[in-house]
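Take a look at the structures listed below.
In what comes next, chain A is part of two complexes: it sits with chain B in the first one and with chain C in the second one.
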Partner chain A sequence: MDLDALLGCVTSSSCLVTQTTSGLIVGMLLFMVAAGLTLIFGVLKIVNFAHGTFYMLGAYIAYSAFMFTGSYFLGVLAGGLGMAIFGVIFERVLISRVYGANVLMQLLICYAVVLICDDLVKIVWGPDFYAMGMPPAFQVPPLFIAGGVVPPFYIMLILVALAIGGGLSLLLGLTKIGKIIRAAAHNPNMVSALGINTTLLYSLVFAVGGMLAGLAGGLAAPVRSLTPGMGFSILIESFIVTVIGGMGSIGGALIAAVVLGLIRSFGTIGFPLFTEGLMYIAMIIILVFKPSGLFGKEIV
Partner chain B sequence: MRQYNLPRRTVLTGAAAVLATPHIAGAQAKAVRIGMQATFSGPLAQSGITHRNAIEMEVDRINAAGGLAGRPIEMVYRDSKSQPQEAARVARELVNSDGCDMLLDAESSAGSFAVQEVVRDLGVLCIHSSSETSSLTADPKYRVASAFRSSRQGIHDAIVGGAYAAKVADARKLTKWATCSPDYAYGRDTTAQYLEYLKHFKPDIEVISQAWPKLGQPDFTEVITKLIQAKPQAMYTALYGGDLTAFINQGNIYALFSAMQVFSVNLADYTALTAIKNLPAGIDTGNRYVVTCPDTAANREWGEAYRKRFKEYPTNWSWESSTGMRFFEGAAKKAGSADPKKLAEALRGLKIDCPFGVDGTVTMRAEDQTVVGYAIGWGTTLTKPPYVADVKAADWGTIFELETEWKKRNGFI
Partner chain C sequence: MARIFRDIAIGILAIAVLAAVPHLTPSKAFQDFVIRCSSMALFATSLNLLVGYTGLSSFGHGLFFGLGTYSFALLMQRTGISLPMAFIATLLINAVTAVAVGAICIRLRLIYFAFVTLAMQMLMHSVIISWVGLTGGDQGLQGGIPRRVVAGIDLGDQYNLYIFAAVVLVIGLLIMRHIVNTSFGTSLRMIRDNEARASFLGIVVWRVKLTVFVLSAVFASVGGVVMSLFVSGAYPELINWPISGDAIFAIVMGGVGSFLGPTVGTMILLLLNDVVTRQTEYYGLALGIIILAFALGLRRGLLDFITERLGGRPAGGIS
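After this line comes the complex of A and B, so read on.
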């Protein structure tokens, strides 16, 4: 524990700017993955343990598309669209068969998909790790804001993640399809009785969830190593975000992700040997006082 | 119930085949079976694959030259899945069920310590070709008479790294240091040993910040910004593989490598060097495997032959297993036999020609049955092939002297 260093950091503008942006970027990428996870749970009550695999496949597809086209934008797009399609197939072929089934059955199917996809990645891309490398447009020196160091690439990532989060909120809050999705989350039988095609709706939810994870994988690919099994570590953190924010709450996921990002960012200065532990302590404290998470609905 | 009536001729033919089997098995038994278990699946599969690639090259070469004392080598590969208990089980199975005469253990340290106990129990000849944990062969309580090591040792890397860093630090007046290493036994032990020898050669250095990211952490942003805030003049890292690649890619966009001098013990391996798209120039790195260390025709030829055959560069693991096979070959020549007991006897103190030796040879030191004399050095990175230049070869005299002191301090001798 180094409280002096932490105090020194929060009273120094350069450290404050650097660590805050650092926390935001960690949080925003987490939010992108967790948003899909919480959306799927909110509507379908499915805990998608294979969500990290969506992130991994999105990153690999983005990497291949980038190597083929040379365009980072097309790479990210390919990662997102690829995972939207994969999400639909995953839902139709596998998950649709276990709606309402024992959670262990859902877990088993998801885990099988994780293992199969990890092996498929090794067959298609090989066991080596890959790095996409920074797109030429972002190979620029970092900006210095109030003495703090802020890379332009991370500013772009934060803005894109905010735009996607905002777009998702608008989609769910203001559009007809968003209202249907929210209604289905509340009472799927009633939505079905009204003649709405819930099969299509559920596939759409998985498509959006998969797309968000795929976009996150593609967006992060220039700065993260691509390796089979890479989805596992982000899955755990995404679950923490989802639980803290409240299962099914997109807004809660955003706030929880930013809080976790900031805990990591400042925790590594004040509690360098206990940064991981801090995240779990935050989760425990929140769940003790609000068992359904920050914005989760109480289960009666 | 359905009846199966076999014609008499079929029965007789089958019986004849069964009777002939011992003769065929006898012919096959002339081959020397070497069992090799490693990680062939999961995120660390690359280690097993590149170990195996090098072994295949050596087996083809040795068999073409007449095998081990006239007997061809037959390899039996098994996947331990990175699990120590599985490594021990597979090692036992290789000997007891697959009839292997000897083992080439290509496990990481946790697995190798488990295999070592199997070797002790069975008394089988084994060369460890992957574990770099020094105590495996240095500590008498772990040592086994029939177990040898053809892989590098952490203590050697620490001494060489410390000596090299001290010279650079002296020249550039680098006194404030930071470290960033993976948060488990390897990262902490390697960093502690490195700092110990850095301070041995340059006592006035001060460690002002240490970061311990967890193994496989996807994002190092908060670690990088912490290091930048600490404003050290130099930083040491024992990160490796995909973690090191991610760290460098993320560090690049913070201009980390122009803010401090970075010393990376594990960067000079083609796995990492080729994966990093924007490799910064001027990072000081220890050699794992590069064709420029040792900068000899033999090493370059071996590296190119590997690349031509497998369409990728060899790794640190490749040369360690290649050296293990060369020791089997050299011992068989010396003993004039492929009998494991005679090979074990011949291995003690054996000096062989080897492309990875600092002077073209390496020796299996008799006192602790571990390889010495391999090329070990530090250089600086280039942005393009050959990626590492100006590799300063280590002085083995200094290594031996400080290693002996280290062994005495730890009660090993």
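After this line comes the complex of A and C, so read on.
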């Protein structure tokens, strides 16, 4: 525990800015993964324990596509699209067989997919760490805000994540398909009885969730090292985010993700060994006072 | 009553068979396997009291397994008390912890219960990792376990530890078997099947849930004590999330609807572990495919599947 360092950081504007932005990018990546997770749970009542794997595969695909085409934009796009397709296959081939089954059966199937994909990544890309490095377009001098160093890539990442989150909210709130998705979250039988193809809808939801995780992986690739198993830590954290925010609530996920990102970045200064412990404490406290999370009553 | 005597007779028979095996084959690997199996089977069966009998899906039961290893090893290293005393003190520590943790967790429903139990476990894991002075941090608690003597028998000897583990497993299973056959066990199943109805019939649901939570924590810590003796200490891996995952896979693969399902599942899991890691470096790939075959092929645990196939009652599998 190092409270002096924490106090020193909070009172110094440069440290404050640096830690806040690094907390925000962690939060934004978490939000994108958690938004897909919470969407899938809200509509399908499936807890996708393989969601971290989507993120990992998205990052690896983005890395390879970037190396192949030289364009970071195409790399991220490939990660997102690749995972949208993967999401549909995953839903059709495996998850559709356990709708309505006990959560432990879903856990078992997802865990099997996690094990298989981690090893497939080892076979295809090798067991070593990869560092993608900053794409050329962002190799420009950093901005200085109140004495703190802020790489332009961070700003781009935060804006893109916010745009995606906003787009998702608009899609769900204003469009016809969004209306159908919200209705299906309430009562899938009724939606089905009205002649809407819920099978297609479920695949679509998995495609959107997979795409969000894949995009997050692609966006994370320049600032995180790529390793088989990188999906797990983000999975646990995005579960904390969805549970704190209330499962099924996208707005709740955004707030919880930002809070968790800030706890992480300031926690590493004040409590270097206990940063993860802080996140679990936050989760337990919130669930004690609000057993269904901050915004648990909202659906989608 | 006859049922109890039958169970005890089967238990004694199992111990006698296990005691005889080392005289037939000198395989140390077999003894290692039985010791690990005993520890994990106690742990998995205790989890099944929650999952299979009460319908409480805990993801963080490893908290009590790991706390069992750490509290037992620390009591043996730091205090001068004898092994049986440390054993009993470990059970008490876990029971008290389980009352506190359970009081918070059992208010929550389904998936929130699952995640808050996991958070509790990971919080304890973080405490152990960061409290380096007491627990050795991520290096684990080294230095071995002194005075490993019970009633004049030295558990430092592998054969003795092997018999000890087998006896503890059989006694633990017999007690848990008895618990689920009492009227308390009936209350558990009623809460699983219809919580509102159980409440209407006068069962105080939270009290029953908390009681079974504490009981299962105590039996999980017994598994932890056996593991601590086996590895001569305690390590953060023993309280990290995969340990809870192992117990969940053991009960789902063995069958949640049969009392011995978790024990069978543990044997399957450990055998797979030993066989697959010897054959290939791609352990996850092989294990993942086998799990998928199990989950999608049988759609229930092995023992539940066999019970149903033999024309018995539907074992109440979870899928």
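The working rule: the second predicted complex is superposed on the first by the 297 of 300 C-alpha atoms of A that agree within 3 Å, B and C clash if a C-alpha of one lies under 4 Å from a C-alpha of the other, contacts with A are read in each partner's own complex, and residues count from 1 in each chain.
Criterion: a residue touches a chain if its C-beta (ideal position, glycine included) is under 8 Å from a C-beta of that chain, and two chains touch if they have at least 3 such contacts.
All figures in this text were calculated on a predicted structure; none of them were measured in a lab.
In the superposed pair of complexes, A:L115 makes contact with chain C only, with no contact to chain B. When the two structures are aligned on the shared chain, A:L29 is found in touch with chain B, with no touch to chain C. Applying the stated contact rule after C-alpha superposition, one finds that A:M134 touches chain B and leaves chain C untouched. Legend: residue contacts after superposition of the two complexes on their common chain; A:I240 is shown touching chain C, with no touch to chain B. In the superposition on chain A, contact is made by A:L273 with both chain B and chain C. In the superposed pair of complexes, A:W125 makes contact with neither chain B nor chain C.
When the two complexes are overlaid on their common chain A, residue A:V149 makes contact with chain B while staying clear of chain C.
Residues 119, 122, 273, 276 of chain A contact both chain B in one complex and chain C in the other. Per the touch definition, chain A reaches chain C in the complex via residues 47, 94, 97-98, 101-105, 107-109, 111-116, 118-120, 122-123, 236, 239-240, 243, 247, 271, 273-274, 276-277, 280-281, 283-284, 287-288, 291-293. For chain B in complex with chain A, the touching residues are 41-43, 45-46, 49, 210-212, 214, 216-219, 221-226, 228-229, 241-243, 245-246, 249-250, 252-255, 271, 275-278, 312.
Per the touch definition, chain C reaches chain A in the complex via residues 51, 57, 104, 107-112, 114-116, 119-120, 122-123, 126-127, 129-130, 132, 137, 241, 245, 248-249, 251-253, 256, 282-285, 287-289, 291-292, 294-296, 299, 318-319.
Of all the residues in chain A, the ones that touch chain B in their complex are 9, 14-15, 18-19, 22-23, 25-26, 29, 119, 122, 127-134, 138-139, 141-142, 149, 151, 153-154, 220, 222-230, 233-234, 264-265, 267-269, 272-273, 275-276.
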